[in-house]
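Below, each structure is written out as structure tokens.
In what comes next, chain A is part of two complexes: it sits with chain B in the first one and with chain C in the second one.
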Partner chain A sequence: MKAAGYYKVKRIIINTLIHLFLITIALSCIFPLSWMISSSLKTQETVFKDMSLVPKELHFENYILAWKEGGFGRYFLNSIFYTLSVVIGIIIVASMAAYAFSRLRFPGRNLLFFMFMAAMMIPIPGSFVALYVLLNKLHLRNTPFGYILCMINVGLSMSIFLLKTFFDKLPRELEDAARIDGCSKFGIWWQIALPLSRPVLAVVVVFNALNVWNEYVLALIIFDNKNLMPLQRALMMFQGEFMTNYPLLMAGLTITALPIIIVYLFMQKYIVKGATSGALFG
Partner chain B sequence: MRQAGYITFIALTLQNALAFLLAWACDREIKLKNFYRLIFFIPPVLSEVVVGLVWQWILDGHYGLLNSWLINLGFPQLVRNWLSDPATALNTIAIVHSWKGFGWGFLIFLAGLQIIPRELYEAARVDGANAWSCFKRVTVPLMIPVAVLVAILTILGSMQAFVLIIAMTDGGPAYHTQVPVLRILAAMRGSSRFGYACAQGISFGLILVVISFIQYRFSRRTRDIT
Partner chain C sequence: MSIRVRQSWRSLGLFLVSLTLVFIAYGCSPSSKKAKTTISVWHWMTDRDSVFQELAKRYEGLTGTRVSFELYAPSDTYSQKVRAAAQGANLPDLFGILGEKRDFSSFIKAGYILELTPYMEREEFKWKKSLFAKALGVNEFTEGNSYGIKPGIYGVPIDIITIQMLYNKDLFKQLGLNPDKPPLTFAEFLKIGEKIKAAGLQGLVSGWGEIWMIDCLANNYAFNIMGKDKVLATIKGEVPYTDPDWVKVLSLFKEMRDSGVLASGLVTMVNKNAEQLFANNKAAFAFNGSWCVNVYKGMNPGLAYAVMLPPAASRDYPMSIWGGAGSSFLVNARSKNKEAAVEFLKWLTSRDQQAYLSEATMNLPANKECLNKLPKILSQFAQAMELSTHPNTWDISESPQVIEAFDKGIQSIIIGEKTPQQIAQEVQRIKERQLSSLDHEIKIRPGKLYFYPSGNAHLCYFLSYTFYLGIPPRPLRMGRDTAY
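This part shows the complex of A and B:
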């Protein structure tokens, strides 16, 4: 009896220590974000003195200021527009390509697929100078179209890979049945393969949307025109211009980060899946 | 290059040790497991710009939260200009980088730990192993491929980390936090030497491709994790 009690106490102590450790780290993950929101609700005078997490007066006008005067409304719409276009582009191109790689037999198929996978290995830092020159020559620099094309290209390899692995596992009997019923190849792709691949498509959509929303490097290279910039690029510009207006900057940061956090909380499953399979492709 | 190497080193040791410890703690039957997993992956989904600017504000030399805490807790001698003091700038960046990155390692480690069959532990227990030798003889050998994978991913990610640095110090003070990608950008945008920048980019890219190729070989072995 005494031994049982001893083990029970020991287990409780160990569990408490583990929880303490986990909670400390979890707090350190959340804290900078709450500090960001808290700072965005102070004024230019109080932000340097008031070090409390919950400010005494809440100044929501920072958000209105950032949205209107700071131009974040415009950048926000830009970001949404780029994200939507890129994700739609990726779905169309990647699902068709993946379906072709998985089902059609044509000469050079394996070579082409291998090239797509190899492209995934080339890191952006190794290629952006060439990309800059290329876009300049094509007169696509400083245009939304150029940026969207580049970003589609960035997300393509992994999306094709994910979708192809899924299509490979899909039973062919369904498609055979559709073909007997007189469905064209295109029809099979549209009416059977796409609807069935919804779970993978969700991963592809969420993962790429996050990627585009958080993208900074290409936006830095491609855009000079302030009116075309997405949020991440605009934030850095803003920080350069209004160095010390922290409440406004923090409001801008919150505007940028909040959609991501909300999407993450709702789509956690897909993001985690995309993250792990993106890391472990091969 | 040395700075990037240093950041990578810190990320490899500190960040991955933390990630592994957290994953190991989360691997047992404890409450709130999913909650912790949810929280730990928040920093990785945020953009580097957001993370960099928020931390820059917290670490600010004159009005930053960290310094004001240090004073209130009675350590005024520790107060410094974290990001513009050459002695601390690089360390600070490496730590913030690890803060942003450990969620990845955590996820992969956790996935790896969870596919270790429970029967192995039970068998070890029956054979009279205590908790420590269970860990040493069962967990560690089975986790080595996963650890190698995480290590390579960390190297790849940390060598390329630069947006965070742009947001926090922009390579300063006096090039103390300069990394290869920033050099390429500077050669391209600052002095318009495209040939030079391109050559830098390609040599740097080649190094990374070699590393990812090693990773590709390893990931074939560990693909059954997900």
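This part shows the complex of A and C:
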């Protein structure tokens, strides 16, 4: 009886400590978001004077102002188009390439794979001038197609790596069964490998969607026409050389963050599954 | 299974075809109708974009020439865009370069920038005379400059900046000081430090975490203590940093620290935080540029403050401040619209446009004919323009390694880690190393634009040409500056 009480107290203490720890982590994650939302409802003056998270006066008009002044409408559509195109492009190319690296035997396979992996080591800013010159030569500079190709290229290495790791673990018996049923190589990829890789595809989708949604620097270098710019350009409108319009910037950031939070919430189940089933292996 | 596969093939094919059609539609959408002449301008000045757009409208109404201002912010990304565009020969008609004078000279050597001296000298130097000489100096190369550039003016300032000290009038009253009499000498300044310490207030705030602002104040005092010639002689390697005058400059920071006139945490403070502290009446002094007028207005419109020169530490030479052109535009020498671009620049820097630009953006105008229209605090900043200097006007520049060692050394003095003598010796050691390495550096070939990335760009450049296009890469172009 005494021992049961001891274990109960011990469990309560451990649970309390774990919960306290997790709550602290959660708060540290939520705090920047709440500060962003809170600042988006303040004025430029009160951002610096009123440090409370709930402002005395709520300025919802900041959202309308940010939307209008930043020109969010056009940039929103652009970003959605770029994100969808890039993510679809990456899924098609990366899944095919990963499947080929995992299942097909051809000369130079490992060398090619390591070359893709090596590309992950090259930071994007280091390749700006090279990309610019290349696109210029191909007459793809200042075109959405050129930008999309670059972004697909940026996301390929990581996606191929994730998918190949997953395909390597896939039982070959499943493919053998499909082959007996008359399935071609492409059919196996399309009918068997791809549907089974949904959890890892979710990870690939979220990682790359986040990457494209938040990308700005490459777009700025490639595009001359502001009408082709992604959403992040709207946010830059509120950041001056010496002065930042914090309320509008925070309102803009909230608007920008919403779609990606929604995507994450929808795919949360798959991401957790992907992570636990070894999608993030390595 | 085979029917399903065929269906899947068909749907994938259909999807790819529709995606291609969307790309084609998106990429080939008709461009807007262009006016007779369109001048394209690239800039990074977010806070001035709406005013530029308004001025462009006015200019089009006046002359029929369309001016297209394209904003690319933030400034560091803008710089990358300009460099990439120079490589691809896609520079606009008008643009700006952010960086040191050696970067500016690279663009001139590569033939991207038009010399504006003949335009400035027309009508008895009318255009040149209307602008602040010190602001023009930033865009000027004089006879015998160390960059090997033909003497002349290569850019036009559209506004100016001076960096000075500011003091809080309310806190001055609280400390029992006369708010209309700021300290004139360094000794007076240190005495106020004692009062600040006793009252438990914060003293001087500035963005000294971004070390260039330390360099700025240190150079102000170097000019005040030893004069411009000796400072330049040091850069040339003729005077060592261990000279007593340089040790004296470094010692001023120790004295400031000991007196309590510096705010706590100053060495890691970024300018945004410094501005916030000063605007919220929490610091008695600030060291900041003229752009702060707009910043403080946004943070605390009721702030009572005034501008003062950094208190002089010596009577031997006049006090100098950093200042000159804030932002400048350059004309693309390869543009077919270069004449129209020069005409537009002339109009943009004329009195009425400058007054409008200054009023709308609270920046100091480059045109001195409209100074009487400025608010009091801005005109205080402008009055010291004649005392201003800037490294970009010196025709010789100190190596980044020496500047870094000097500025970080001052940070070490402020936190009590090292003595001024130790820092002077360390800086001199680096200077000597730099001077000896000059003989071994890779020679810069004239007529080429130089890029100095981390090495990855070269690698990518090589890979992109070799593996994607099958064309051998051009020779790698190297130089000694890490900024490019």
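In the analysis below, the second predicted complex is superposed on the first by the 198 of 282 C-alpha atoms of A that agree within 3 Å, B and C clash if a C-alpha of one lies under 4 Å from a C-alpha of the other, contacts with A are read in each partner's own complex, and residues count from 1 in each chain.
By our rule, a contact is a pair of C-beta atoms (placed from the backbone, for glycine too) under 8 Å apart; a residue touches a chain by one contact, two chains touch by 3 or more.
If you're wondering where the values come from, they're calculated on a predicted model, not measured in any experiment.
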Touched partner set for A:129, first chain B, second chain C, both or neither: both
Which of chain B and chain C A:45 touches, first, second, both or neither: second
First (chain B), second (chain C), both or neither touched by A:224: second
First, second, both or neither for A:264, with chain B first and chain C second: first
Partner chain in contact with A:145 - chain B first, chain C second, else both or neither: second
First (chain B), second (chain C), both or neither touched by A:187: second
Partner chain in contact with A:19 - chain B first, chain C second, else both or neither: first
First, second, both or neither for A:177, with chain B first and chain C second: neither
First (chain B), second (chain C), both or neither touched by A:64: neither
Residues of chain A at both interfaces, chain B in one complex, chain C in the other: 48, 122-123, 125-130, 132-133, 216-217, 220, 236, 239
Chain B partner contacts - residues on chain A that touch it in the complex: 15, 18-19, 21-22, 25-26, 28-30, 32-33, 35-36, 39, 47-48, 51, 121-130, 132-133, 210, 213-217, 220, 232, 235-236, 239, 246, 249-250, 253, 256-257, 260-261, 264-265, 268, 271-273, 275-277, 279-282
Chain C contact footprint on chain A (complex, rising order): 44-45, 48-49, 81, 85, 88, 122-123, 125-134, 136-137, 141, 143-145, 148, 178, 181-184, 186-187, 190-191, 216-217, 220-221, 224, 226, 236-245
Chain A contact footprint on chain B (complex, rising order): 18, 21-22, 25-26, 28, 30, 32, 36-51, 53-55, 57-58, 63, 65, 68-69, 99, 103-104, 107-108, 111, 149, 153, 156, 160, 162-163, 166-167, 180-181, 184-185, 188, 194, 197-198, 201-202, 204-206, 208-209, 212-213, 215-216, 219-220, 222-223, 225-226
Contact set on chain C toward chain A in their complex: 1-2, 4-5, 8-9, 12, 19, 22-23, 26-27, 44-47, 49, 70-75, 77-78, 80-81, 83-85, 87-88, 90, 92, 272, 276, 279-280, 289, 291-292, 294-295, 298-301, 451, 453-457, 459-461, 463-464, 468-469
